[in-house]
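First chain A sits with chain B, and in the next complex the same chain sits with chain C.
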Partner chain A sequence: MGNLESIRYFTPELIIVVFAILVILFDLVSRGQSSNGTAYLSLFGLLCATIAVLVVGNVNQSLFFGMVRIDGFATFFKIIILIATAVTIIFSMVSNELDPKAQGEYYALLIAINLGMFLMASSANILIAYLSLETVSLTSYILAGFLTRNPRSSEAAFKYIIYGAVASGTMLFGLSLVFGMTGTTSIVQIGQQLPEIASSYPTAVLVSIIFIFAGVGYKIASVPFHMWSPDVYEGAPIPVTAFLSVASKAAGFALFIRLFYFSFGATNVNWTMLLSVVSALTMTFGNLAALPQQNVKRLLAYSSIAHGGYLLMGVVLLSGDGIKAVLFYLIIYMFMNLGAFFVVILVAKEVGSENIDGYKGLISRAPFVAVAMVIFLFSLTGMPPLAGFAGKWVLFAAVVEKKLYWLAIVGVLNSVVSLYYYIRIVKAMLFDPSEDAETLSFSRGSMALLMAFVVPTILLGIYWKPYDFLKDLPLDRFIG
Partner chain B sequence: MLLTSMIFIPLVGAIIVLLVPRDREDAAKWIAFLVTLIPLFLAVLLYFQYDPTSVEIQEVVETSWIKAFNIRYHTGVDGLSVTLILLTALLGPICVGASWKIEKGIKVYLSLFLLLETGMIGFFCALDLFLFYVFFELTLLPMYFLIGVWGGPRREYAAIKFFLYTLFGSVLMLIAMIAVYLNSSVDPGLRTFDIPTLISLAQTSGHALADPTFQIWAFLGFFIGFAVKVPIFPFHTWLPDAHVEAPTAISVVLAAILLKMGTYGLVRINFAMLPAGMDFFTNGLGRWGNALAILGVVNIIYGSLCALAQTDFKKLVAYSSIGHMGFVILGLAARNEAGVTGAILQMLNHGVISAMLFLLVGVVYDRAHHRDINGFGGLGAKMPIYTGITTLAFMASLGLPGLSGFVGEALSLLGAYSKFQLLTILSTIGIVVGAAYFLWTLQRVFLGDLNPKYEAIEEINMREIATLIPLGVLTIVLGIWPHFAIEMFRNSVVGLPLQ
Partner chain C sequence: MSNITLEHYLLISSILFTLGVFAVLTRRNAITILMGIELMLNSCNINFIAFSRFVKSPTTVGAGEVSLAIEGQIMALFVIVLAAAEAAVFLAIILSIYREFNSISPDETNTLKG
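Our next item is the complex of A and B:
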């Protein structure tokens, strides 16, 4: 489809650009007057973008001469990203970490990053893939370093930039190899030509696949490209950490599936085995590294690496069931992980601590928050009948179906390991007496938002209709 | 409907109990007590409605739950389930009664207990493998909190150990379960988790599920899951810790019901669904012979010897549990009618007797605030009724003819002897040691000169007696006339692939 016709299907992205500019202008006009105003304007912008995404709907179209793809898959990720961003904006309003004077840029960046993520989810061309990845990365660097007075935050941003630059450079090299071999930048065309090339030059193809994986693996924080993530997650403002661990990861997986499902899926190079090992290492590393953590934010950072490993299992299968399992898991992961981070924000704000010690006796100080956290943590572990179990179930079912028994066993044993560190928080909240007996009070809005995470975390474990729906989708029409 | 209401009434009760206002916490106890009476009443109704002469599964409820995996909410009972459901339902009100003195967070405690009851009853009714697993896991969370919050000094360690061990076992079971599902049919639309269907498929020769190699691996997956729960050596180390730290009523449920979930699973899944796997582990291992029977005998001897060495009353009972569960494994390993009947009877008997023993330990602990067997002495003079009931429970547990413990163990041994003489003879060491530690304990706690510290110790009170009487009566009735229980589950035994 040509450029002018494409505009019609590109409205969500355009709305995002418009609102990113509007937020900056609004902030200039009302400088220092209303810090929540920018947040509400951003939320409104996201609402408009959501409506636009739904209006454009589930069409199968290639835009801008095959650069961008609009399909159910892209729509799915756009909605996930929009929800995660909206939640992050609300988190930022609740949290008191941010400097009220700098909030205009902050919200503008949060909106602008959506543009990059949208393009990641819908890229049909390796150029767009790379550009969108860079857009997201550059914006994330600034967001991670947003607490300018906090040296940890600056350190986080620096680490993020250095790792990011190396990873994306490596990826670019991989992409150029692929371009050199196939002479095209279209993902679908690469996918058509690569099998033939791979049969004569398997090493070249494998090397380029590994190089490309460096870029994507860095976004989803998979071993061995994960090193930035604990420091960044710990140093960044908590809402940004929550955002990176959900939206950024989701966008990374979207791009990953786009690239690997279409381009490399059919090659005879055995990269699936390699990535299965990477997936096993990622979850094992994430879980083992989380064991000794005392800082809950850092603990959740490692836990999110581990969850990236679980998700990776679904991708390497290259089966429709695997991809659907990844999508389903991402929905559930979004609710439970954002919920857990919200509790971290609330506790950091009221107790003033991000350490496990700060959670001691939370059950008597703020019973609802503590119970909600217990639900999120057990769901992250994968205990039935909570949603996390449903997510893991579909993932493991897909893995066992492909007869990768060893991977499934590594995966389930990892769940057992993860129980140990999640339960340390539960233990602190429920079993240990608190040093401070004062009850904590939270606003009704916060409690309502917490409830909005608790309900799906319980419901999706019992009510599986969403998965039934996903399962019945024909994959070739879903990802066109 | 009978089963469904039995499963979910405790869940509703759990919510109601939570809603009781803070200043009326006594009411919570009465509400919980009344709620547990409903499943008991329904279980008795079920007992009378159930037709033991029929081989059919009864009281079936079946509706679709998760279409994508063809998972159904499918419940129903056979004689074995009815027996264990009756035991579970009976222990409901008894445990609420035994928890009467708990002060700390009683509402949450009772609510978790009721949630546990939902999990246990649901587990014994489930006929869909997925549902079975969900109920199996559902008992984990409440148990973790009940031990971790209301337990003894090392409660956190015990609770987490219990949780990690059981989860480790059950995740392996999860993989086995998915593998069974995927092998149930080549056509993704026809795959099933339905236990009766899977059982019949696994016995159809040529079917992927009947493949011996597949069955051996699936058997291992399920076996480890259940072995942790039973517990079978070497997966048993969580049990003494959990028992010692758990509050009395929770120890009772743990010993009487949760351990039975393991053996029930072994009968339902490993025995019935994976006969080729069972073959391999009962006579396919060359010179190792009957691996399952060896594990049973190890449990019996090891459990009894450990019990003999204990000075903590509760730990002694916990280790004796490991020993007695060994007879269940031994009976199952024999794979003949006498052995399996004995094994199931032993499940029921151990449920009743160990519940009594833990209640009795709780009674003396509430008064003396310690459980050191050597720290008592001569209590018989001050607490004659308590001494009498304890003697009854001890005698039943050590297998005195005429009381229930004897029948189950005797039948297990009878079945086992016809298959493997040497192992059976070895296992009788456990019985002798069992008699030794119980009699020695009796002597140290109740006989001899009265320890002056306990000059003013109170006799067992009416509430405590009331929790013990139903169990005591059952011990005697089952000892004299075991037939009424055996009749209940006879068809379940005959329906198994015996040899």
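Our next item is the complex of A and C:
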């Protein structure tokens, strides 16, 4: 489709650009007044973008002469990313970490990063894939280091950008080799030509695809490109950590599936084997490294590496069922992980601690928050009847169907290991006496938001209809 | 005198890329690390430009001696812009690191561990 006709289908992205600029302008005009005006304007912008995404809907179209693909797959990820961003904006309003004077820039960046993530989810050309990945990365570096007067935040940004720049440079080198072998930058055309080339030059194809995996693997924090993630998650402001662990990871998986499902999966290299080893290593590393952690943010960082491993399990199958299981798990992961991070924000704000010790006796000080945290943590472990169980069940079922029994066993064993470190927080909250008996009071809005995470975390564990809906979608209409 | 072939360009770009990775891994100064990263990106540019000259593709412009697969050139242009953006963000982060730690060595700015 040509440029002019494409614009109609590109409205969500355009709305995001307009609102990113509007937020900056609004911030300039209203300088000095400490209100949440910019945050509300950003939320309104995201609402408009969501409506635009739904109005454009599930069409199968190639936009801008095959640069961008718009299909159900992209729409799904756009909605996930929009929800995660909106929640992050509300988190930032609740949390008192941010300098009120810099809020305009912060919200403008949070909106602008959506543009990159949208394009990651819908890229059909390696040029767009690389540009969108870099857009997201550059913005995340700034967001991670946003607390300029906090050494930990600056250090997080510093480590993030060194790892990120090397990873994306490596990916670009791989992309250039793939371009050289196929003479095209379209992902689908590369996929048509690559199998033939791979049969005559297997090493060249293998090396370039591993190089490309460095870039995407770094975005989803998979072993061996995970090293940045604990440090960045610990140092960054908590709302940004929550955002990176959900939205950034989701966008990374979208790009990963686009690249491997359409292009590289078809080559005669045994990707399923290679990637399932990566997946097993990722979850094992994440879970083992989480065991001794005292800082809850860092613990959740390792836990999100482990969840990246579980998600990777669905991707490695390179099948429709696997992809649908990944999408279903991503919905659930979004609710339970954002919920857990919201509790971390509330506790950090009221108790002033990010360590497990700060959670001691939370059940008597703030019963509802403690119970909600127990639900999130058990759901992250994958205990029935919570949503995490449903997500893992679907993932493991897809893996077993492909006869990758060892991978399923590794996954189950990992879930057992993960129970240990989640339980440590639960134990501190429920059984350890607190030094401070004073009850904590939270605003009504915060409690309502917490409820909005608790309900889907319980509901999706009992009510699996959304998965049946996903399962019945014909794949070629959904992604293609 | 023999002609310059694709292999020559690929050799140069591979050497540049390796040097870039080497600089990132061994240097103890953030500015030199940034230079290493720029080397990596520019080696990719050489690849793209060389391939666009030597590879035949459906979108090839021109014929014979002066044919070009134009996507490679476009990729290189975008990468140059991105490298500039990345350098800007990197330098800003280096500034804030220097203010907090009085050093721009990754070894001395290592408080987050575990």
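Things to note:
Assume the second predicted complex is superposed on the first by the 478 of 480 C-alpha atoms of A that agree within 3 Å, B and C clash if a C-alpha of one lies under 4 Å from a C-alpha of the other, contacts with A are read in each partner's own complex, and residues count from 1 in each chain.
Following the convention adopted for this analysis, a residue touches a chain if its C-beta (ideal position, glycine included) is under 8 Å from a C-beta of that chain, and two chains touch if they have at least 3 such contacts.
Predicted, not measured: the structure shown is a model, and the values here were computed from it.
Using the contact criterion defined above for the overlaid structures, shared-chain residue A:Thr184 touches chain C, although it does not reach chain B. In the overlay built on the shared chain, the residue A:Glu155 is in contact with chain C alone; chain B does not reach it. In the superposition on chain A, A:Trp464 makes contact with chain B only, while chain C stays out of contact range.
Within the superposed three-chain model, A:Met383 lies in touch with chain B and out of touch with chain C [touch as defined at top].
Once chain A of one complex is fitted onto chain A of the other, the partner contacts of A:Ala165 are limited to chain C, with no touch recorded for chain B. In the superposed pair of complexes, A:Ser415 makes contact with chain B only, with no contact to chain C.
Between chain B and chain C, it is C that contacts the larger number of residues in chain A.
Touch criterion not met for A:Phe65: it reaches neither chain B nor chain C.
With both structures placed on the common chain, the touch criterion links A:Phe368 to neither chain B nor chain C. Once both structures are placed on chain A, no chain A residue is touched by chain B and, in the other complex, by chain C. Taken together, the chain C residues at the contact with chain A in this complex read 17, 20-21, 24, 30, 33, 37, 40-41, 43-44, 47-48, 50-51, 55-60, 69, 71-72, 74-75, 78-79, 82, 85-86, 89-90, 92-94, 96-97, 99-101, 106, 109-114.
Contact residues on chain A toward chain B in their complex (touch as defined above): 378, 383-385, 389, 393-394, 396-397, 400-401, 405, 408-409, 412-413, 415-416, 419-420, 423, 427, 430-431, 464, 467-468, 470-472.
Interface residues of chain A, counted against chain C in their complex, comprise 126-127, 130-131, 134, 138, 141-142, 145, 148, 150-152, 154-159, 161-162, 165-166, 169-170, 172-173, 175-177, 179-180, 182-185, 189, 230-231, 234-235, 292-293, 295, 298.
By the touch criterion stated above, chain B contacts chain A in their complex at residues 65-69, 71, 133-134, 137-138, 140-141, 144-145, 148-149, 155-156, 160, 163-164, 167-168, 171-172, 174-175, 178-179, 181-182.
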